[in-house]
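Which chain is which? They are A, B, C and D, in the order written, and residues in each are numbered from 1.
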């Protein structure tokens, strides 16, 4: 296996890391798209929500030293709560005053800035109280391995599939989901037929926050986490969800995996063919993909496919 | 001379509608909701591409032209729901409709002397229209404070700014109190007399509209089911069955 | 504060204010006037800064015909030691260069605006917002990776075109920046009042109707983005020239998000509001920065995080309780409208 | 509405300034003696990807602050030094310049800190124009690329290049002819990259790979790992000796664990490192096993365990639970040099202090040993050591003498 890895960039390890990275990215993008569909808002706060997930999980590890994966459910709950706070504390009052969408977006941005400050304070607190490194966090050394592959791979892929499946059933086979979809398609109409749209939005904010929290909690199992990690990843999340297409929930997953593929596999191939210097421009890859998508399929992948089906 | 011939192939909303509007006439288009009246207007003005068929303006075929081109050609439309520029004043709402304003080009806008005279004329013209529509008082108020009826009038006024030959008015008097509604139609007719413009009007309120129009076309579920002078159309059994008797 | 401290404080504040006023005006033209949510301002600002920095030394060598075999970027400092004395001795040449560099900055900004908006201009508002934000990132990657631009992460210094002012360099620099900012303010304020500006507002208020009135929406939106980006580019170039050096560290928070908060605070759509908002915001930020040491002892956390908390909370507060900002958009009077409507009014 | 607002703003500003008069102790300027309070600026990176280094430097500076004040008291000097901390990343725009200006308005005439060459370049002209002395404890990018010599900036760390030579010597003495290098794309790493490249190629070494990755944007190192692998593959195949030079930061832990999770053969090679993560326990806690496997032989400036160094270690440990890295020590020394220079100048006056600094630095012997500066204001080259991860902890495995450029191995790695 290793020797193959030496010669062929598209070997199993590369595939593994592609899937892991993509799953994490998709989880974040899923939240972005969901919120866009329900609230028509591009949620800038997603950056710090993701990071919060990481720090919630890490705090648990620091205080109680459990297996880092045990922090994930808590991260889901707490960050979901943060999502609710953002919705009920900031967005809902604004919606009641009929603020335009762009203003809502700026509000999420302001919330993100506050959260960023809070995260840094938390990090300082962890460092000074528990004498642990609270910046450049990495937990992958305490990860398990299964069939010679890192645990995070299985967990990330598993959690993503779980979330997508649950979301799918929730949206398609429950009255709640139908109400939710109704309020996505036409909130005023939904209101008219007695759907509590506000509640629906709240639920979607909780879910999106939860997803961000989970992906964040898994992040330190894969890469170095700082209070600004989410901010660094924000552009990629947005790219993933546009590339996938904002009009379809599952578009986010499509986008995440496409982006991950071009990023990890594509750049590897380029690096081995053109030259290693290209690897430097990796961070620009999502943007290139985005530009390409907008030119080829302005409605994103999902939109493209669904148009094909018609 | 036939001014407009629109005919459609297989279009979901419209099904082989063929109708024409006499130059200088006030023609009414009626029909139950969802009969495709607005779609027809959208197709003519380039807001929707027809699934097939042709739109003629005089001899010129204008099928699938962009709204901009259609407008420049001299066809102006209004919208069912008053769609004004909310943060502009009533006067400015009219000014925007001017077709050939040099000051609206980015570069020319820097050279005041190139456009200030045109601006003056346009303002004069607009104020005149506002006078005739009885909106002079409102001219410097933001349109957001106008009443529903006044909004309708403003929209009509904005349409008039364009010096178009053909006006497609989508429910100009819906939600307007009867007296004002009568006024509006009276004005339309007088304008027609004055300038020989052509009006193609979608309206539900036949009680008012029928008094003023020369021709009536009736649509039902995307089909043109009757056309002719008001008296004969309203007595047409098909129409009664499809529309009036509801 | 002693008096000279107050002066220093004010001067620094004005310098920041000038730069941000220009950026905010650019944003207000796009979002406030035309309704284009540009969340990628940083691209144009960075473009102006980086490209100007990249060309400045090269151009200076060429125009002042300084003969050197050294590369103006790689051996930046050494080359500038040949250039700066000349500039120090001749204010007028310096001013000339300044104007040239500002033009370059503007052009670079326009280029960036074009690049970022071309694939996206036809998209729906929300798509456009996210896309522009994403594109905002690209230049720092290039700036860090492609050394010929600004010498990689270490960045590069620019010819000191304020050197002639000696120890008063920063006072003069600030004065000039303020001048440029005010000129641009007047320009934009007038532009918005022309029929051109009127169409932009019309498009913002109701795109479809504007289309039905024969306006070429795409062209107007494009030109709005371009003008806005030119302003951002000029701001970027100004700041680069003022601080004398550039590193590929222009980030989203400083050059996209803060201007948004400023314009919001002042009042979207109104240039006066934009100016007031920028002034208030920058002043608050600097005051917090200045006095943080005084209340640091009373804080349970490191005082540097205070900026984030206060700015964020302040913005949320404004958004909820005064969404229209400090100054509401006024109905700009119509050029030449007064006489006609005047007599139409009763009394 | 509008005038009211403007009035309100003006009032707010006036109040602000008023408060300023009230609560900010004005450094009263009788020029002959020292003011009762001397504000010294400390510019460190508290946000972003270098924050873990900034935090340590800040802690060290705090320690220095208390010690200096005690020292002043012991001499009976009625002056307290008040350190003002600025984050070079916060407050718009993120250019060190605005922070320096803020400090200057606080009456600061001396600034110590850890800044990148870029940040130094950004503040250079302001510092010179306003006679602000800057003593920097980090940036080792070679001097010429930052500012002309003889100005107001000093560094109590050597200019780049020294590390390059030391690493070359180490590789050679271990019998490595081939090295695959990966460098983070920040000023500091790039200056080391250049220095190493020059020294290594001059010594006839073979550089099989020289790739950059963008820091901190790179979160997934698969691409880089693949690039390195394909670079070393042929050599491994003909079992020639090849080593990795991971010219990175604490994110080397990420690359190590990701290499582990992809069973990368790179882990069977020996890795060398710069001083950025030598002795850094974050590496141990983040990727201990992998580090142990590849040894991570890292060069670092020899900071003799002087009494003050030991004292600093315990103090910093007590405050944040980490050992101060070499930059933290350098910042600590910078603080002392600053204070002593001010005292010897007898006035809080940039020009005088600037002239005092070289002499003081020459005599001072602190946490990083003697801090004598060369004519261009940089620290003279220091001896170096190599530390490696041996059985789970950092061990000193070799010393390097800058005089005869020789490496002496203390234990087998």
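Simple rule for what comes next: contacts are C-beta pairs under 8 Å (C-beta built on N, C-alpha and C of every residue); 3 or more make two chains touch, one makes a residue touch a chain.
Just so you know, these numbers come straight off a predicted model, no measurement behind them.
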{"item": "Each chain counted as touching chain B and chain C at once", "value": "none"}
{"item": "Between the pairs A-D and A-C, the one where more C-beta pairs touch", "value": "A-D"}
{"item": "Chain at the geometric heart of the assembly (C-alpha centres)", "value": "C"}
{"item": "From chain B, the most remote chain by mean C-alpha position", "value": "D"}
{"item": "Between chain A and chain D, centroid-to-centroid distance (C-alpha), Å", "value": "34"}
{"item": "Separation of chain C from chain D, taking each centre as the mean of its C-alpha atoms, in whole Å", "value": "33"}
{"item": "Centroid distance [mean C-alpha coordinates] between chain B and chain A, Å", "value": "49"}
{"item": "Touching two or more other chains - residues of chain A", "value": "120, 124, 280-281, 283"}
{"item": "For chain C, residues that touch 2 or more chains besides their own", "value": "141, 145, 253, 302, 307-308"}
{"item": "Interface hub residues of chain B, defined as touching at least two other chains", "value": "none"}
{"item": "Which chain pairs touch, all of them", "value": "A-C, A-D, B-C, C-D"}
{"item": "Touching residues on chain C, where the partner in the complex is chain D", "value": "1-2, 5-6, 8-9, 12, 16, 19-20, 76-78, 81, 141, 144-145, 152-157, 160, 167, 169-170, 239, 243-245, 247, 249-251, 253-255, 258, 272, 276, 279-280, 283, 285-287, 289-291, 293-294, 302-304, 307-308, 326-328"}
{"item": "Complex contacts: residues of chain D adjacent to chain C", "value": "1-2, 5-6, 9, 12-13, 16-17, 19-21, 23-24, 26-27, 29, 46-47, 84-87, 90-95, 97-98, 101-102, 104-107, 116-119, 121-122, 124-126, 129-130, 141, 144-148, 185-187, 190-191, 212, 214, 217"}
{"item": "Chain A-facing residues of chain C, complex", "value": "31, 37, 39, 119-120, 122-123, 125-127, 129-131, 133-138, 141-142, 145, 252-253, 257, 260-261, 264, 301-302, 305-309, 311-313, 315-316, 319-320, 323"}
{"item": "In the complex with chain C, residue positions of chain B that touch it", "value": "45, 47, 67-68, 71-72, 76-77, 79, 83-89, 91-92, 95-99, 101, 103-106, 109-110, 112, 115-116, 119-120, 123-124, 127, 130-131, 136-137, 139-140, 142, 158, 162"}
{"item": "Touching residues on chain C, where the partner in the complex is chain B", "value": "191, 194-199, 201-202, 204-206, 208-216, 223, 227, 269, 329, 331, 333-337, 340-341, 344-346"}
